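You will see two complexes here that share subunit A, one where it goes with subunit B and one where it goes with subunit C.
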Partner chain A sequence: MIFVARAIALVVTVVMVTYMLRHFAFALNRLFRHQRMNYTDLAGFHLPSVSILIPMHNEEDVAPDVLEALLEADYPHDPERFEIIPINDHSTDRTGEILDAYALHNPLIKPLHRQNGERGKSPTLREATKIARGEVLVIFDADYVPGRAMLKFLAAPFADPEVGAVMGRVVPHNVGSSLLTRLMDLERAGGYQINQQARYNLNLLPQYGGTAGGVRRVALEAAGEWDSSSLTEDTELTVRLAILGWKVAYINRAECYEEVPENWDVRRKQIERWAIGHTECFHRYLGKMLRSPCLSWKAKVDGVLLLGVYLTAPLIVLGLLACVVLFFGGQTYLPALTAFFIASTAYNCLGNFASFFEIGTSVVLDGGQQRVRLLSLNIANSIFSTATVTLALAKYYGRRFFGRPLPPWSKTKRFRNGNGNGNGNGNGSGTSDPTSRERGLKFILARNTLRKSVTS
Partner chain B sequence: MILVLLLLFLALLGLNFYFGVREWWHPKDSAPLPVDVEYVRVENYFGKSFRTKMQEWLQTASPVETTKPCEPPMKSLLEKPNHERILILTGGLLSGDGHEALVYCEGDLQLSDHCSLHREVYCRGNLNSGTGVQFQALAADGEIILGPENDVSRWVDAHRKILLGRGTVIHSRVSSSESIELEEQVAAQSLYASVVFTTGYRPCEPADIAAQMEDSIEETPDGVGQHASPFPEDCSVSQLAADTWLVRGDLHLPEGKRVATNIIVRGALTTGPDCEFWGDVKADRAELGLRNRVHGNLVSGGGIAIGESGWVGKSIAAETDILLHSGVRVGTPAILAAVSAGKEVKMEADVAVYGKVTGGQAVKSVGKIDADCDVKPRAKKRWFAVTVLLALVICQLRMPVFAQAERQLPFTQPQENSSARAANPSDPALGDPTGNYRFRLEAGGFDNAVSNRFGQWWGGLISLSYKPSNRVTTSASLISQTRPAGTEQLVTLDTVIDWSKWFYTQIGVSGGGADDPAAFFPRYRYDINGFFKVPGKPALVLDGGYTRLQFGAPVGGRISRMGAIYYWRKFVFQGNLNFNNVRPGNHKSKSVSGAVQYGQEGHYWIGLTMGGGREAWQTLTLTPQDVQFTSYSTSVFLRKWFTPRHGMAFSYNYAVKRAAYRINGVDVRFFVDF
Partner chain C sequence: MPFVKSFLFQGLAVAALADTLLLWQMPRILQWHSQVIQTFLDWARVPWQMGREITLVPGITARLLQTSYLNYQEYPYYPWAFLGGAIAVFLIGYRLWPTPIRPLVFLLPASLAITLIYLEIVSPLVPYTPEDFCSIWYHGEAYIWLLIPWIFAVSFFTLAVPFVMKIGWLPLLISYAFLWSAVRLTLALTTFHYFGPIWMPFTYFIFGFLADFMYIVTFYSLALDRAARWLATRREIWQ
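Showing the complex of A and B:
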């Protein structure tokens, strides 16, 4: 028993130290090292033709915002080079009517209505890809609101024929709604400002995130279309492209607002889907990725760490159990434990664990002043995620063991336009600051006045 | 003991969460981050925004009563509510140094030689400047013609054409609604206009190659099909997509080769004359031969060089440098393109880019790109050889020999080393309020462990540097050092003056040591150094100087020195030979010193000094002078900017005074520019 506990503790330590070093390396790279050229200077010159694909299932509360934002984009509104394809995927609310109303007033919007066939993001995208005419397919979720210049910045890297996909940066707009949204804001900052940018700087594997990003059509065709069996089609596509030799570019300046979950239940479901989808990709593509002649050894290591990231949660739980066993098995004693707690707490004050350091660094780079103080509370998010992912992976491995299929893809619930009742059933509760929330939605509200004239 | 530890733990834990909980319950920073920042996507944002603001200020500012009546070209003086002043000009010739007010000119404006304007200028007509004029920023509704050696700290924007005279430096963007012409030795960060060209290009020439290329775009490529590999059989080639070939390893295409598809080369791509690419091209490094034509984009993970009379129809992007040889055209007058380099874009004469040119470090117009300015990656062997050569040839006495690498760089002001200064030899930027900042405050401490029971020698330093103009940099510092025998202070004043483009001097005076032959610091000391740039070889600077030291009577010393500084890319090399004379006894000795540093002002410097000989003086934080001991020493340092204004410098120093003692020392400083 003691031997097993020791072995587990050793494995957990090695894995966690590896991730720790990775997080520190990324944050330090972002702070002090040369930042790679990101093609933003090419934005606006020789733009490729793009098709914007927006899967929508019961999105009447958010659909007008994303369409308005795209119509305001400073991408040339030339029908040969720009089209918006919102996809009404089995909606039972007014989504279809809204899309038709917009299409009536604007020929750039070409809605696709799906009432038959398989439901979900991948089947939807697969069908829309067939009718899209653009060289580049840009995907948005319905709750996203891109900045005016985002499309130009996203399109620019496709000047490089090696770039198969491009990912932009996502910024939560409902930051002030609850503690969770504020913690999610920190997490997103760390994930994009540091993690994605550093991976791009270091020629590793920046991840195409499935929304707020673009894919070169020929690269998608070479990689084999959207896989409807995957819960995380974005991660899956990233790995397939990388294995074939395509690059994924990350553009920090291609910024887009998103809506993050405002309550913990919605967050739990989101994490569960990501954890299972990611881990499924880990099992499907680990071997192929390691054997790929197109990837450098650095990219392969990063790929393993990227795909295996959700496996760290059960490892942490196992490590804690191993610690308990070792403690009661007489392998440690109180002064040592006390010293450990004091040391870890002191360390906490200076920057906490590596991922927290990464988040803190991102907030500083973004010019955040006060919000960085929430960093210590991110431990709540961390514990919640660890528990949720562990349970999700337990379910996943249980299903694998018994030969059951993966759970179906499920849409993340929306909270815009009033307390999460947009078929989201979220309660939007928490210590939200209505003033700051209004500030964040200012432009969205401004667009709402426009949309009334279209939808009425 | 356990209780104390527990309380400590709880206190730290509470402290850890206190600020977070406070921000959670009383949010102060919960607004979403702004996205879609306008200045990123609008090329002439600054000029446009400044014009709008100026119109607002003119409405709200009130007239200032002056004792003398305004003389032309001055019309009136206004004051904004925040007490900033706006000088209103009717037009004509403006001269003088140190204009502190914003300038608004209603007509055409001429600026005399060496005029200096510390705030932004808005000219409603044409603007024409003489030699050596300094601007903060510049907007004109007409043309802008800047004379030789002008310096603009920020941006330039005109509604009509812009001409940048020889040697002019723009530290930020240049934008024009018509055209931008660059004479030789011009540097800027980015340029945007319908056409950006260097001297020799004639926009209206009938045989303009770009127009020819535009016409030829519709031609069908012959020979090389899309379905068969167009590359030599010994290449490792695969098809990434239907229209994209991937080549692993270096690829050389012979004269006249045509490629119909996109091509990706995971290695170096070199081509002979008259090759033609119909798709996009990507390579780790690309060197295109004469008259090559690329109809798509040209991208490189390293550098790109385009041979004479080449043409690229779409954009060019490179992680490092881009070299455009004479006759190169990028884009077409009808469809603009961008040239973007992570580091430098160098443009020879008769180069035209229809659109935008931008470099992470600079865009430069050069006469003729010499052979060693190619885009090949630096060979490690070369660096190793240089290091070994330095180690063998140069040895020194920890002399503060470092020159300022930024002297060669376009975006920092000329500075000079702190030779013979009583400070850290590893300090490449002492007395250097660099970039756009006028002041630098620097503070730090040092600690040296000295063997043979000499004990710890430690102390601190505070230094303030001030740059009243681009020609003069002056600094004052106070050093305090404590040894087991007591504490002493040294005060230093230092001035660097740029007399001309080719000559500058450094003069320093210091004192404060006790009137005692055994004092740590001299009673007084002065240094005079001169620096000459070799004509035709601006990267090579020859220097010579003289130092006089006087300790408590009768101990004193004289040092004459000669040496050279050489700039190569981000490296700075320096070597000096010192002739030392110590009194009483009239002891004479020679010593040599050498140094190499790498980096860039505003980012980081890393360096190494080495030396040896019989020294007449030492860094004063270490030892006083003596020519009796054969010594050698070395020092490594790192100076790092954490933000554009703040940074730290670290150094480790090691010196051996044979038969006397050995020193291990560290020096840490914090600096801030403002």
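Showing the complex of A and C:
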């Protein structure tokens, strides 16, 4: 038993140290190595025809914001080159009416109403892709508010025929609502400013995130459309594109504002979905990815670490159990080292890949100050994620073992407009702080005004 | 640029120097550490005596402290009472604990339960005496003290702020590490003396290395906050 525990502790330590080194390498690359061309000089010069797809299910509280922001977008409002397709997916609230009202006044908005057929993001996108006319499909979740110049920045990389998808940067706008939103803000900063940018610099696998990003229609068709059986269609598409040799570009300046979960219950459900979807991709595509002739060995290693990231949670739990066995077995020196590594690396690795070093440097790069003081509280986020992901994957492997299908895709609850009390209609639970919301939207408006003045 | 590559080498040089100093002064530091614990133990009325000598790194030794722990054969209901209390605290407070803290709080009854099962089924004694526990503690802590300068070298010294602003944090953090380590070890030994060895794994896993990383990251975040404020006053153009 001691031997088995030693072996487990060793394997866990090696895996976690690998992730830790990866994070340090990313942060150092982002800070000191050559930053890869991100096509921003082409912004405004390469303007392909773009179809914006926005899946919506009961989104009456947030639908106007995203539509208004897109109508304000600094992209030629030429019907041949620009169309907005909000998709009303089985909504039972006023979403459909709102979309029709907007369409009445603006011909660029072409709502698609779905009252029959399969529900969920992937089937919705699949149906909308059929009617979309753009050579580039840009996808937004309904709670996202794109920056005014974002579309230009997202469209520019498609000038490179090898680019299959482009991902922008996501910035939370409801940061002040709760401790969780503040921690998520830190996590997002590290995940995008450092992690995604470094992976792009290093020619690894920057992730197309399924929202605030675009995909070339030809690449999508080559990769085989949106997979409705997947819970994380974004990760799946990233891997499928990579296997076929398409590049995913990451544009740090293409900023989009999102609403992050304001309470832990919503966050738990979000992590559960990501963990199961991601791990499903791991099983589906690991072999194909490793055999792909289009990927370098570095990209393959990064792909394995990317797809396997949620498996680290049960590994950490397993490692801790091994440490307990070793502790009671009188193996004092080994558990000391193992516990040391597990404590350090577990803390650094979970939470959307953002280690404390990545987060710290990203805050400084963004010009942030006081919010970095919350860094040590990320331990709560980390422990919570470890427990949640472990339980989610236990359920997932249980389902696999008994041959049961994956749980259905579920939308993350919204909090805007004080939409906080969970009433089962797919909106928020908990309470939203109107002051912080106002602050967030003011922030967005101020940014847009600033951009307008800079452009003019 | 808020970060400068050459400062990384500056940080590495400082880390090497700091470790050399630490190794040079380690016997004194350990002696001071031991004296602080002795004083704290006296305050807590925990009897102690000097124990055996161990080698931490080649050439550096530390004298351990011998204390005792509560004998559960005399107080057989104590471990059950602790476990029951921990379970009650967890269950009663479950709704009150902030959600992310719940898994951490769960570790308390879990660790007590595992230890109790061990004490009931495998052996009436845990595998370590308090002196052994001190030995494990010193081994782990000494390596962390030596690691701290390197963590700071990579993560903090690369910032384009004056050297004085950066170097000040290192002695502050290391001093805190010494003192906090002494406080935690005293608390652990006191707990074993009054409440018995059932608390040993909890103290080891939660109060040990995890606590170390908490304060290291806290210091890092505070240092970064100060540096970011300074950088903001320089009207730097961010990349």
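Quick notes
Convention: the second predicted complex is superposed on the first by the 402 of 456 C-alpha atoms of A that agree within 3 Å, B and C clash if a C-alpha of one lies under 4 Å from a C-alpha of the other, contacts with A are read in each partner's own complex, and residues count from 1 in each chain.
Keep this in mind: a contact is a pair of C-beta atoms (placed from the backbone, for glycine too) under 8 Å apart; a residue touches a chain by one contact, two chains touch by 3 or more.
These numbers come from a predicted model, not from an experiment.
In this overlay on subunit A, subunit B clashes with subunit C. Within the superposed three-chain model, A:Ile2 lies out of touch with both subunit B and subunit C [touch as defined at top].
By the document's definition of touching, of the two partners only subunit B reaches A:Tyr39; subunit C does not.
In the superposition on chain A, A:Arg182 makes contact with subunit B only, while subunit C stays out of contact range.
Contacts of A:Asp366 after superposition: both subunit B and subunit C are touched.
By the document's definition of touching, neither partner reaches A:Leu21: not subunit B, not subunit C.
Contacts of A:Leu374 after superposition on the shared chain: both subunit B and subunit C are touched. Contact with subunit B, but none with subunit C, is seen for A:Asp160 once the two complexes are overlaid on the shared chain.
Legend: residue contacts after superposition of the two complexes on their common chain; A:Asp265 is shown touching subunit C, with no touch to subunit B.
In the superposition on chain A, contact is made by A:Cys256 with subunit B only, not with subunit C. One listed stretch of subunit C collides with subunit B once both complexes sit on chain A; from 2-10, 20-28, 110-118 or 200-208, that stretch is 2-10. Comparing which residues of subunit A touch subunit B with which touch subunit C, the overlap comprises 31-32, 179, 339, 366, 368-370, 373-376. Interface of subunit A with subunit C (complex): residues 24, 28, 31-32, 35, 179-180, 263-265, 268, 320, 323-324, 327-330, 332-333, 336, 339-340, 343-344, 347, 356-357, 360-361, 363-370, 372-376, 378-381, 383-384, 386-387. Looking at the complex, you find that subunit C touches subunit A at residues 2-3, 5, 8, 98-104, 114, 118, 122, 126-128, 132, 135-136, 139-140, 143-144, 154-155, 158-159, 201, 204-205, 208-210, 212-215, 217-218, 220-222, 224-225, 227-229, 231-232, 238-239. Contacts from subunit A toward subunit B in the complex involve residues 31-32, 34, 36-37, 39-46, 74, 147-150, 152, 159-162, 171-176, 179, 182, 185, 189, 218-219, 221-222, 244-246, 253, 255-257, 334-335, 338-339, 341-342, 345-346, 348-349, 366, 368-371, 373-377, 431, 433, 436-437, 439-440. Here subunit B touches subunit A in the complex through residues 2, 5-6, 8-9, 12-13, 15-17, 19-25, 27-33, 35-36, 40-41, 190, 238, 240-244, 246, 262-264, 279-282, 296-297, 299, 314-315, 317-319, 331, 335-338, 340-342, 355-356, 358, 360, 604, 640, 642, going by the rule given at the top.
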